[in-house]
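These notes open a run of structures that come right after.
Common to both upcoming complexes is subunit A, partnered first by subunit B, then by subunit C.
And then the complex of A and B:
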């Protein structure tokens, strides 16, 4: 159905030409799902845009062909391609929050392509849209069709987008990270929906994702992209359970698994090569533990046992495990029975969301919605302990973390940090607490001042609390950088000169600068790629062991939480529904919500329910 | 929605009350009062004194204000001290003529400005975009009276197509009426295009890069549908607010333009009453300008709500 052959795409950038895709060849047979897997910068979204003929102006197709159902898309006129888009090719984007037009109703957007491709009248298209919304499992399709995007939840919007893509009955659906922005339970629903639709309509799907657990559930075949090249492709079972390319292997090893707690997560060192001047040899060689002399030669795709691998050492790689970094961390919580470092009792926080005023007779009345993101929360965190906090978006995790630190003032309840009663004190008397309790934010891009060097960023809190003299400052900054495994010359760098993982290390170093005893880690690895995430998680584990600092580790990724936490707290609608030892929560969850949450997590090691018959999975 | 309008109307009333106090206060501070103006510079002081008492000008200022304001509310705008005519009909006539001028200018500014903005955004960074930028900037950078003179030179003196100044009522013939309207309109439009076109251009460029526009393209919609239905609808939101402000600026613009073109509208009435210290007329005219300005902003807010479903007031969806 879709056949991409030898496709090369370059982007003109201010720093020179960047080769986003180098001789990509993939094909999806009718009625099957091909997954395209890769981390950020691998070029996977460029494939989607190239297939749709929607590449931005600065992109240029250097060579290769994209064929759809036998037609060469490159040979078509602009008008012919437009007619093909939307009618036979459908595209679903990553972020359901920005893909729908905020000022048009859902119904008119879902039915829109019918007007232009199938000659429906607007009225008929709207009626059909209601039917489609019903098909994708929206409960009251009529009301939703008349609603505007901001009135719907993320999951509902993604369903509506899928309905819109399906409207003209396309043969091929391209899905670019369709579930990445969604909670796990919603993600599970969307995946189920896609599977049903595929069976019912005989759809062919190109599924682009970085999430191997999701890919394992939906795909028949997998192609792994690295730095603009396909490095391995074959049947899903083969690639995910017996990877032959070192990168695929590293990627799989880096995923934290629920239920198999390791001391260390495997990680892939280094970063993507600069695609403005890609290395002449193997593009992964620099980061590859299996690199050998042959790696300096350009690697070609070769067929090994029914799949393609771009590595001369593939046979060797398949039988050798990915090296796990030495376990410096003991990963055993210092279970001291002394008083907890953080203690929260009956904490409450209510937000009032104003909705303007309405006239009631002659009296003005304020429309208010009350939102209770922190509802009667009681918990303790002991010295050197990691308490994982999981829950879906909107459950109140972040608000709880910030309320404990008094970044948000609670309505009632008691907070103790160390031996200090923090709740009820005015902000200016919280000096001591600000030193003992710190925070690491999710997005290092917005939490690090872009105009300050790393050295200045780290020196600021040290000077603020008078923890080092001006002469000692450079030494202290160096110590901090050393703690987060960054070379000391990084002190002179600005945030934009670093990769995402490095920036997050600086974020952690800044939190450590005041020598805190407790750190709230608010989704510290959610913005990072899997291979980088593993290294940060390892770092956090090491620091806990070395410094005895306690974490409230907030994440929506239950795998990461499972790996790092001693105890886990599950939050729903502002309430703690379950809290206990990590093993107990993960293996014997009691609360129905915890059970639901855990069962929704897509696991990469589970046996696929769809096609493919490989040998039993590893472990 | 009704609650919203009611609230806005209430604020408009507050604004107008404040403006009326300011206007009244400032004119009361002037050295010459109405009695002096009526009787002329050579009147004996005791006569002036007698008229002052008769007109209540010796009362405390707040009493004077209340008297003035309440007579205003009953529709009695007083008499022009200069022309000895009731202000009401005079003002209505002037406002009507000015609204013809500003209305025509406003429609043209909105249509041409938004159009140029769209074209510039679609040709972003190309010669046409630069041409539009330079042209509209030129319009806003050089004062209106300069363009007025150029327009008169070109269309009246040189080409001889249009009258250089004056006004004729529509009853004199539609073409004659229109001919007198064209020159001042061109001047006003040229001076105000940049604001609208620049704003439309920049928000259009931003919106054209948004994921939902790419999504619309991915649906295979024809380009004009993508641009007009998906992009423009959202790009217009900031422009609507700007247009309301521009309407206010137009009210200022007519003061200059009407004077140059000898167009007997509100702007000219204001200049005239300032020059001749016709205080009652000036007070009434300024209040009218403030009211028009406030009304334009209300209309903008309503349009904004119409186009932006996120603030469609008091709407309930399941």
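And then the complex of A and C:
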């Protein structure tokens, strides 16, 4: 159906030409699902754009062909390509929140392509849209068709987008990270929908994702991309359970798994090579623990046991697992049963949304909605303990974290940090608490002031609390950088000169600058790639062991939480539905919501046979 | 995981980018005009205020490069001297509006709530006053002089600056580094002026450069109405006003300051645009990344 052969794409950039794809060859047979896996910058989205014939202006196809059902896309005129896209290809993007036009109804957007490509009248298209919405499992399709995007939840929107992609009865569906922006339970539903649709319509799918758990569920074949090359290509089971290429091994080893607790996660050191001047030999050699003499030679795709591997040493290292690091500190300190570092009692916070006043008869009425993201929360965090906090988006995790730190003022309840009661104090008297309790944020791009160097960023909290003299400052900054394993010359860098993982390290160093005893980690690894995520999680674990800091570790990724936490708390609609020892929660969840959440997590190591059988449908 | 960062870190500075073309042209234009105006007293070829009946309405020529006006004064010399007034007027007014407008916008955008409401309604009131009317009002009760005109013009532009600052601040206030600052008990002053303001500069610079040019124009308009510079000294607006009645006989008298104003306005706008591109660290390296 889709056949990409020897495709090389370059981007013209200000710093020279960048080879985004080097001799990519993939093909998806009719009715199968091919997954493209890789980290950011690997070129997966470029493949999708090339398959659609939608490469941007600055991209240049150097060589190779893209064939769709026998037609060469490169030989087509722009108009022909447009027609092909409209009638036989469907595209679903990552972010369901920005794809739909907020000022058009769902129905008209779903049916839009029918008007342009199938000659439907707007009325007919709308009718058909209702049918399609029904097909993608939307309950009240007529009402939804008349609704506007903002009235729909994320999962509903993604269903509507899929319906829109299905409208022209396409043969090939290209899905670019279709579930990344969604909660796990919703993700599970969307995956299930895709499987149903594939069976019913005989769709061919090109599925692009960084989430190996999701890929395992949907794909028949997997191609792993690294730095613009396919480094391993084969049946899903083979690649995900017995990876041969070192990078694939590393990627799989870096994923925290629920139920098998290791002290430290494996991580892949280093970063992607600069594709403006790609290394002449193996592109992964620099980061590869198995690199040998032959790695300096360009690697070619070889068939090894029914799959393609781009590594000369594949057979040699086949049975050697990716090295797992030892814990740097000897062992996690025994959890003391003494007084907790943080203790929260009956904490409440209500937000008023809307406001505004309407006249009701002769009376003024405030129309506002009350939202309770923190509803009667009680919890303790002991010294050196990691309390994992999980829940779906909107469950109040972030609000709870920030309320404990008094970044948001609570309505009622009691917060104690150390031995200090901080809930009743005015902001200016919180000096001591601010030193003891710090926070690490989710988005490394947003959490560091882009106008300040790393040195300035780290020095500020030290100066703010008078923790070092001006002469001692550079030494202290170096110590902090060393603690998060960044070289000391990074002090002169600006945030935009660092990678995401490095920025997150600086964010952690900044939190450590005040020598806190408690840190709220608000989704600290959610914006990072798997291999980088593993390194940051390890770093957090090391710091906990060395410094005895306690964390409130907020994440929607239950795998990461399971790996790092001593205890886990589950939140739903602002309420704590379950809290307890990590093992107990993971293995014997009691609350129905916890059970639902855990069963929705796509796992890489689960050994389900065919891609068609998923967990039971969720209500 | 220990050696993981240091192994591969090639010290890659972002590719050094030259100055943007707009910046170069803008700098050249503005710089030349400002420099010439500053040096005016020493480089003006003729006295700017000596009336001479014998040299009235001379067209541009080797002695008087830009000709002479109705009192026989050298247009070039008057242009150079007038430039000082016009530029001082534009800059002065902009500085006034920045000094008041920026803190207003920062406070409104960061504190929200009633602070925002109060400040912005105040700005709305200001915005409803027609600039010329305000100028007339201020200058009608006191004897007209240049600095008062600058003050009046600056005053009129406060709401515009405040609005821009507010909208930039609104976005910045949601960034996580603001929360990080709050998490270490930074004062509001520090957050507004040390965390938010440095990031708000790029769009503000563009706005300010626009304001300088508008202020020059508005100042000229007020001078035109007799409310700014007082004869015999003359800024460009007043020069045009005076030359108006002779535009058919001696068009160069009006054309020279008109053209000069055009060049300065274009120059400053290019300068502002170029500066923004040059100063924003994020704009610099986004290109080139995939």
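Here is the rule we use: the second predicted complex is superposed on the first by the 595 of 619 C-alpha atoms of A that agree within 3 Å, B and C clash if a C-alpha of one lies under 4 Å from a C-alpha of the other, contacts with A are read in each partner's own complex, and residues count from 1 in each chain.
Just so we're on the same page, a residue touches a chain if its C-beta (ideal position, glycine included) is under 8 Å from a C-beta of that chain, and two chains touch if they have at least 3 such contacts.
Values in this document were obtained by computation on a predicted structure and should not be read as measured data.
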{"item": "Subunit A as common anchor, with subunit B and subunit C clashing or fitting", "value": "fit"}
{"item": "Which of subunit B and subunit C A:147 touches, first, second, both or neither", "value": "first"}
{"item": "Touched partner set for A:385, first subunit B, second subunit C, both or neither", "value": "neither"}
{"item": "First (subunit B), second (subunit C), both or neither touched by A:566", "value": "neither"}
{"item": "Which superposed partner A:375 touches (first subunit B, second subunit C, both, neither)", "value": "neither"}
{"item": "First, second, both or neither for A:497, with subunit B first and subunit C second", "value": "second"}
{"item": "Subunit B, subunit C and vertex subunit A (Cα centres) - angle in steps of 10°", "value": "30"}
{"item": "Touching partner for A:98 - first (subunit B), second (subunit C), both, neither", "value": "first"}
{"item": "If touched residues of subunit A are counted for subunit B and for subunit C, the larger one", "value": "C"}
{"item": "Smallest distance from any CA atom of subunit C to any CA atom of subunit B, in Å, after fitting", "value": "8"}
{"item": "Overlapping contact positions on subunit A, where the subunit C interface meets the subunit B interface", "value": "none"}
{"item": "Parts of subunit B lying in touch with subunit A, wherever the complex brings them together", "value": "2-4, 6-7, 210-212, 214-222, 225, 229-230, 233-234, 307-310, 313-314, 317-318"}
{"item": "Residue numbers on subunit C that touch subunit A, as the complex places them", "value": "1-15, 17, 175-177, 179-180, 182-186, 195, 198-199, 281-282, 284-285, 287-290"}
{"item": "Touching residues (chain side subunit A, partner subunit B) in the complex", "value": "52, 54, 82-87, 89-91, 93, 95, 98-104, 112-113, 116-117, 140, 143-144, 146-148, 150-151, 161, 164-165, 356-359, 364, 367"}
{"item": "Residues of subunit A that touch subunit C when the two form their complex", "value": "11, 13-15, 18, 20, 41, 46, 264, 267, 269-271, 274-275, 286-287, 325, 328, 402, 405, 407, 427-428, 430-431, 434-435, 437-439, 441-443, 446-452, 460-461, 464-465, 485-487, 489, 494, 496-497, 502, 505, 507, 510, 514, 534-535, 538-539"}
